[in-house]
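Two complexes are shown next, each including chain A; its partner changes from chain B in the first to chain C in the second.
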Partner chain A sequence: MPELGRAALIICLGLAVYALVAGAYAAVTRRRRLSGSAQNALLAAFVAAGVASAVLFAALLRNDFSFTYVADHTSRELPTPYTISAFWGGQEGSLLLWLLVLTGFSGVAVAFGRRIGADVLAWVVPVLGLVTTFFAFMLVAVSSPFETQVAPADGAGLNPSLQNPYMMIHPPFLYLGYVGLTIPFAFAMGALLARRTDEMWIVATRRWTLVAWTALGIGQLLGAHWAYVEVGWGGYFAWDPVENAALMPWLAATAFLHSVMIQEKRGMLKVWNVLLVVLAFVLALFGTFLTRSGVLSSIHSFTESPLGAWFLGFIFLIVLGSALLIGSRLPLLRSKTRMESLVSREATFLYNNLLLVALCLTILWGVLFPILSEAVRGEQITVGAPYYNFFLRIFGLPLLLLMGIGPLVAWRRASLRSLGRSFAWPAAIAVATGLVLLLLGAGSSWIGLVAYTFSAFVLGSIGYEFVRGTRARRALTGGSWVNAFAELVARNRRRYGGYVVHASIVMLAIGIAGSSAYDTVRERMLSPGQTMAVGNYDLTYERLVQRDGPNADEARAVVDVRKGGESLGTLEAGKNHYRAEDQVSNEVGIRSDYLTGEDLFVITDAINTNGTVVFKVFVKPLVNLIWLAGLVFIIGSLITLWPSAAEQRRLAERYRELRALARA
Partner chain B sequence: MARPSPVRLVIALSVAAVLAIFLLYVSVAGGTPSIQPSQLKGHSGNVALVGKVVGTPQGDGHAAQGLRFDLQDVKGSATVPVVYRGSVPDQFKTGRELRLEGQLERGVFVAKRDSMRTKCPSKYTAKKDT
Partner chain C sequence: MTALALVVGALLATACVAYVALPFLREPDPEEDVLAAPGALERRALELAEERDRALAALKELEFDHRTGKISDDDYRELVGPLRRRVAEALRALEPRAESTEERVSARG
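Let's look at the complex of A and B:
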C-alpha cells in the first residue's frame, strides 16, 4: 500500500513537471497539440493525487500503524470522524490535501477556462504546473506521508484540541481558500506572459477568486469558533501568527475583489490588480511557510522542518518572477482612462483598497517584526494584541464607514446634490443610533460607540439601496414589492449579493465590538453550594460529576444559572483527560441567548482535589452575531456566485468584445 | 500640460499617512523583547520570557504565594526561577515550552497575572523524539 501511495506521488510529480516544461515550450512555440497534452497532464495529476489520497485514507481507516503518519496522528480509541480528519491533522497529510485540491482546481480551471483564449490558457498551464511541481516535490522528497515503520500496538492519537467537529471542516476550508488563490494568480501570469493585458483574465477568474475568498473567510470563522468553544480562554482571535497567516491573504483578496470592478468598469488600476493577485497568492504561500518553518515563536507549536527553507525559496522565486514579468509588461498595463474625481465610486474603491492593503501590510509587519528586530538588534521584539488592535481601529473603522459610502456614490463624478440626497437617510439613522446608544451608556467605550454608529450608517445605506432599487424595479415592471425585490436581486446578483456580504461584515463588527468592548469577567473559587454573581447572572456551583467518555475521562462541574432571580437551568463545564494522548483539555460551558446574542461563558480554571473549583466566567454581549455573520456571509457569497442565464449572456458578450479588442 | 493623476496623489498621501501613524505608534508603544532565561541579565523592564519548564512545580497559580517553577532555555542550560499567579493552562507541565510576560525582580522572574501561554500543540507539531 505505501508503495502505491509513493508511486502515485512520483507520477503526479512527473505529470506536473511535464505540464510545466511541455506547457511552456508549447506556449513559446505556439504548438496547440502539445499545449493540449500539457493540459491533460494536469488533469491526470489530479487522478494521481487522488490515488495517493485514497491510500492514506485507507491506511487511516484501517489503523495501519505501519504508516508512521497514521501512528503519529491516530489511535485505536480515536472516534472515526477524527480518524478521517487526521488526514489533514499532520504536516504531511495537510500537504497532500493541498496537492489534491490544487490539482483538482487546476484541472477544472483549465477545462472550463478555454473561453479565455488558447494563447492565454497555453501560459496558464505551465504556471499551474510550476506550483503543482513544487508541492508534489515536497511530498515526494521532503515530507512524505508514506514513510513506514514496524507497526506499534497503538498510535499516539490526535491532539485533544483537534478532536472537535470544527477541526473536521476548518482546515479543508482554509486549503480551499489558499489553493483557490493559485487560479487567479496563474491566469494573471498567463495573461501577462501572453501579452494579453485586457481584463479577460479577471472576467475568467472572478468566480475562482470569489470561491477562494469565501472559503478562506468561512475557514477563519470556523477556526475562530473552534478557538472559542475548544481552546477555552474566553476569546476567539488572538492575533497569533497562524491566525494572521490566514487573515492576510483574505484581506489582499478582498482588496482585489473590489479593485477589479474599477478595471472592469473603467479600465483602470491594471498594475494594481496584478500586484494584488500576486500579493494574495504569495501571502497564502507565506502562511504555509510560517506554519512549517519554525522561524517564529507562537502559541502554536511550529515544526522546525526543512520545509521552511524550500517554501522560502519558492516564495522568492514567485516574487522575483512576478516582479520581472510585471516590470516587463508595464507599458502594456497603462490605463487608457483616468480618475475624474476624488468623490466618485471608483475613488471610494481606491480608498477601500489602500486601507485594506495598509491593514494587511501592517499585520505582515507585525508578524515579521520579531525576525527583523532579531536581525537588526540581536533580540526578538514581539508586538502583541495592542499593536494589532491599534491598527485594526485606525484602518478598520474608516473601512467600515467606506462600506456605507461606496454604494451611495456615483461612478465618475458625484454631485453635492446627489450625495446629500443619498446620504440623508443613512446619516440620520447613524446619528440617531449613536445618540440612543450614548444615552444607554455605550459611551463607556468610544471605540464601541463609533463602531456601532458607523455600522448603523452602513446598514442604513444598504437598506436604502435595496429600497431604492426595489422601488425602481416596481415602477418599471409593476407587481408586488416582494416580486420586485426578488427580481432586483436576481437580475444583479453580484451587486446585491455584495451588499448582503457587507451586511455580514457589519454584523461581525458589531459582534466583535460588543463582545470585546462591553464584556464582563469574574474569577472565583467556589465550594459546592456557593454562588458567584457575574453581570446579571448568579451562578451556583452544585456538584462535580466524573464519567467515562468514549476516549476520555470527563470531569464536569454542574452549575445552576439564574438571571434576575429566574432559573435558566444548569450548565456543565470541566475538563477531559484523553487516555491515549495523556493530555487534559478544557471543556467550557456556554449558554447562548439567541434573542440578545449574549453568551454566558464558564471556564473551570482549576478543579481541586478537595472538590473546590476555580471558575472564570465571562458575559459576552452580542458575540453570537459573529457566528450569525458567517451564515449571512455564506448567503451573500452564494447570491453573488449563483449562475444566471442573463449574466452568462452578458459574460459571453464581454468575451466577444474582449477577443475583438485583442485582435484589433 | 496634463494635470497629475488624482490616483497618484491619493496613493502618495495615503502612504504618507500610514507611515506617520506607524511611526507614531512605534515611538509611543514599541514592542516587547522576547528572550530566553540566559538573556534575562541586563533587561530591567517588561519582557516576554520563553523557555521550558524544568524540575517540579510548587504551589498554585490561584493561591497568594503563586505557582513556582524553574524555566530553562529551550536549547541550553540557563534557568531562572519563576513565580506566576493566574490561570494555568491545562498543557502546563514539566518539559512543556511556554511564554510568560513579566520582569526580573531580585533574581526571580515575576510574571504578570494570566500571562502564561503554553505552546498549543497544533496540527503541525514536531515529531516526538524516539
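Let's look at the complex of A and C:
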C-alpha cells in the first residue's frame, strides 16, 4: 500500500506546517485554544508518521519489491532481523526513522512539557513544527521511501557490513541521540522567543539533553563495537567523517551538561549555554547532512543524493535564526554574578568547556577541510588519524586530568590549603600507579603512561569523593555505611551519577590507551600446519572450512591457539561471500580474556586458492574495558537521569508561591 | 488495494483534523481564550525566588563540603557570611512582611 504511506506522509507534513504556522500565530497573539490545537497537530503528526512507518515495515516483511526501497535494500535470502533493520539501512528509510523519532519526542515533550509554562510551550510547538516540516517535506518531495516500480524477482540485498546484530540497535540509538537534541533546542528557542529565561526551561533542556546525550553515547559505543567485530580492520574507531559527525554533537552536549550547572548554581554563562544547545543541534543536523549529501565517501554515507542542498539551506536557516534570536535577547541573558576565583569548581567546568569545544571544533575542521578543499581548489585532501590523534592528546589528556580535579575543588573559591588536603590522596595514588607502571615497562609509550597516571588520579579522586561524602552523611544521620552511601547518592543523583559516568570515561581512556599504545600486530602467510607467534600467543593454522550459510558462502580458517604452551582451543576467521549482494566481507576471529581485558584478534587478509592464508593478528590489551565502560556509562547516566524528587518539590513550591502571588 | 489505502488514508486525515480541532470543539465559546503568561510582577518574583533557592542551595552545599573536609574551617568562615547575607536579602526582597528571615534560613537549611 504505497499510496497509504504517501498519504500518511502528506498528512504528517500538513500537520507539521499547521503546528508551525498556527503555533507561531497563537504564540504571538496569545490564543490559548489555537495553541492547544497546534500542540494536538504535533501529537497527531506522530500517529501519521507511525502509519507511514508501519506501511514500510509491512512492505519490508512481505518482500514487496514493487517498493523501490525494499528492492534496493533487501533480498529474499536476507534473514528477517536484517530485513527489519533495512528500514534504516537506506537513506529514505532512515529519514523516515528521523521523522518518527522526532514526532514521538515532540509528542512527549508537548504532553509532559506543560509545566514549563503555557507561554513557553506555545513557542516550543512552532519550533518543533519547523523541524518536523523540513523532514516531512524531504520525505514527501525529495526522497520518498514509497516510490514504486515493476517488482523484480529478487531484491539487491543489504550491504554485508550492515548484516550484523549491532546494526539492529546502533542506528536507532544514534537517531534517538541526534533527534533528541532537537528538543533542548526547541525549549531553548521557545524560552527566548517567550522572553522567559527562568530556571524551568533550563531544567527541561538539561533533562532532554541528558536523554539525547546518553542515547548518542550508547549509539557510538555500539557503533564502535560493530566496527570492531564486523568491519574487520582491527580497530573500533577510524575517525571516519561520519563517526566524527556523531562525536561532535556529543562533545557539544557534554560541554552543555557541565556548563549548565554553572547557570543553575551561579546564574552565569546563560549566553554560552544557549550557544552550546544550538551548536549541539546544528552539529546533529550537520551529521545527518554528511551521511545524506553525498559529499563524503564513507561506508556510512548514502551517496549521490539530492538532499545535500536542502540540508545545507536548513542548517543555514537554523544558524541564522538562532543567532538573530540570541542577539535580540542578549539583555535578558546577561549574568548578574561574576566568577570569584580561577581556582573553583565553576572555573574547572569552564576549562573543561573550553577544551571540549576546542576538541569539537578541531574535529569539525578536520571533517570540513577536505570538503572545502575539493569545492574551492578541486584538490582531494584526506585528513587522517594522525591529525585527530594529535588533537585528542592535546585536548583529551587535560580533560582527563580535569575530571579528577573538578570534584576536589569547591564552588566559588578554594584555598591552597584546602586543595592540598583534597589532592593528597588522589595524587599519591596517581604517582604510585605511574611508578609501578614504569617499573612494569609501560614507559614504552609515554602517552599511555600519562593516560594511565591521569586515569588513576581521576579514579582516586572519585573514590575519595564517595568516601568523604559517605563519611559525612553517616556522621550526620548515623546508621550503617551502606545506608549512608545510598542516601548520599539518592540525595544528589546528578553529582554522584556524574562521577560514575566519569569512571566510565576513565575506563574508556584506559581501554583506548591499552589497546592502541601497547598493542602488538603481526602479519604472515601460513600453510596448514604452520605456526606464528604473536605476543605470548602461538597460532597454528589447522585447516580451511567451506560451508553454506543462510545467505552467504562462508570460508573459515581454523586456528589452534596456545598461550605459554597451554591450549586455549581454536578460533575461526575468514570471509563471507554474500550471494544476493555479490560482495565479500571479512569475518574476524576474536578470543577475549575477560580477566585481563585482552583480545586476540585474527583477520584473514587473503585466502589463496592453494590453501595458504595471509593472517593479520592483533593482541589488544585492555580493549574489553571499552565495552565494559559502556555498561558503567549506562548505569551512571540512569542514576543521573532519574528525576530528583527534591528538585521537583522545589520547583513546584516555587510556582505555587507565584500562583498565590498572582491570585493576590 | 488502492481503494483500501485511500479509505484508510481518508480516515487518518479525518481523525487528525478532528483531534486538531478538539480544543475548539470542546470550548466553542469560552469565557477567555488567552494564554497564561506571568506578568512583570510575577517575573520579578520568580527571579527573586530563584535567587533565594540558589543561595539556599549554595549554603547547603557549602555546609556539606565543609563537613566532608573539602573546605577548610578558614574558607568556610570566609564564605558562609556573605552567603547567609545573600539568602537573607533574597528572602527579604521576596517576602518583606514574612516571618523573620533567620527562621526561614534555619527551616530550609
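By definition in this document, the second predicted complex is superposed on the first by the 633 of 664 C-alpha atoms of A that agree within 3 Å, B and C clash if a C-alpha of one lies under 4 Å from a C-alpha of the other, contacts with A are read in each partner's own complex, and residues count from 1 in each chain.
Just so we're on the same page, contacts are C-beta pairs under 8 Å (C-beta built on N, C-alpha and C of every residue); 3 or more make two chains touch, one makes a residue touch a chain.
This is a predicted model, so every value here is computed, not measured.
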Inset, instruction - Report clash or fit for the pair chain B and chain C bound to chain A in the combined superposed model. - result: fit
Inset, instruction - For A:508, decide between first (touching chain B), second (touching chain C), both and neither. - result: neither
Inset, instruction - Scan A:350 for contacts with chain B and chain C and give back first, second, both or neither. - result: first
Legend entry - Which superposed partner A:37 touches (first chain B, second chain C, both, neither): second
Inset, instruction - Check whether A:468 is in contact with chain B, with chain C, with both or with neither, and answer first, second, both or neither. - result: second
Inset, instruction - Have a look at where A:381 lands relative to chain B and chain C in the superposition and call it first, second, both or neither. - result: first
Inset, instruction - Please state, to the nearest 10 degrees, the angle that the Cα centres of chain B and chain C subtend at the Cα centre of chain A after superposition. - result: 140
Inset, instruction - With the two complexes superposed on chain A, say which partner A:11 touches: chain B (first), chain C (second), both, or neither. - result: second
Inset, instruction - Considering only the touch criterion stated at the top, classify A:245 as touching first (chain B), second (chain C), both, or neither. - result: neither
Inset, instruction - Considering only touches as defined above, state whether A:171 meets chain B (first), chain C (second), both or neither. - result: first
Legend entry - Overlay on chain A, chain C to chain B nearest C-alpha distance, Å: 19
Legend entry - Touching both chain B and chain C, residues of chain A: none
Inset, instruction - In the complex, go through chain A and note every residue touching chain B. - result: 72, 88-91, 94, 156, 159, 161-162, 171, 231, 233, 242, 268-269, 291-292, 297-305, 338-339, 341-342, 347, 350-351, 354, 358, 362, 365, 369-370, 373, 379-384, 386-387, 390-391, 394, 525, 575, 583-586, 605-606, 614, 616
Inset, instruction - Please give the residue numbers of chain C that touch chain A in the complex, ascending. - result: 1-2, 4-6, 8-9, 12-13, 15-16, 19-24, 27, 30, 32-39, 41-43, 45-47, 49-51, 53-54, 57-58, 61-62, 64-65, 67-72, 74-75, 79
Legend entry - Residues of chain A defined as touching chain C within the complex: 1-4, 7-8, 11, 15, 18, 26-27, 30-37, 40-41, 43-44, 47-48, 51, 117-119, 122, 194, 196, 198-199, 264-267, 408, 410-415, 417-418, 421-422, 468-469, 471-472, 475-476, 650, 654, 657-658, 661-662
Legend entry - Contacting residues of chain B [partner chain A, same complex]: 5-7, 10-11, 14, 18, 21-22, 25, 29-35, 39, 48, 50, 60-62, 87-88, 90-91, 97, 99, 117-128
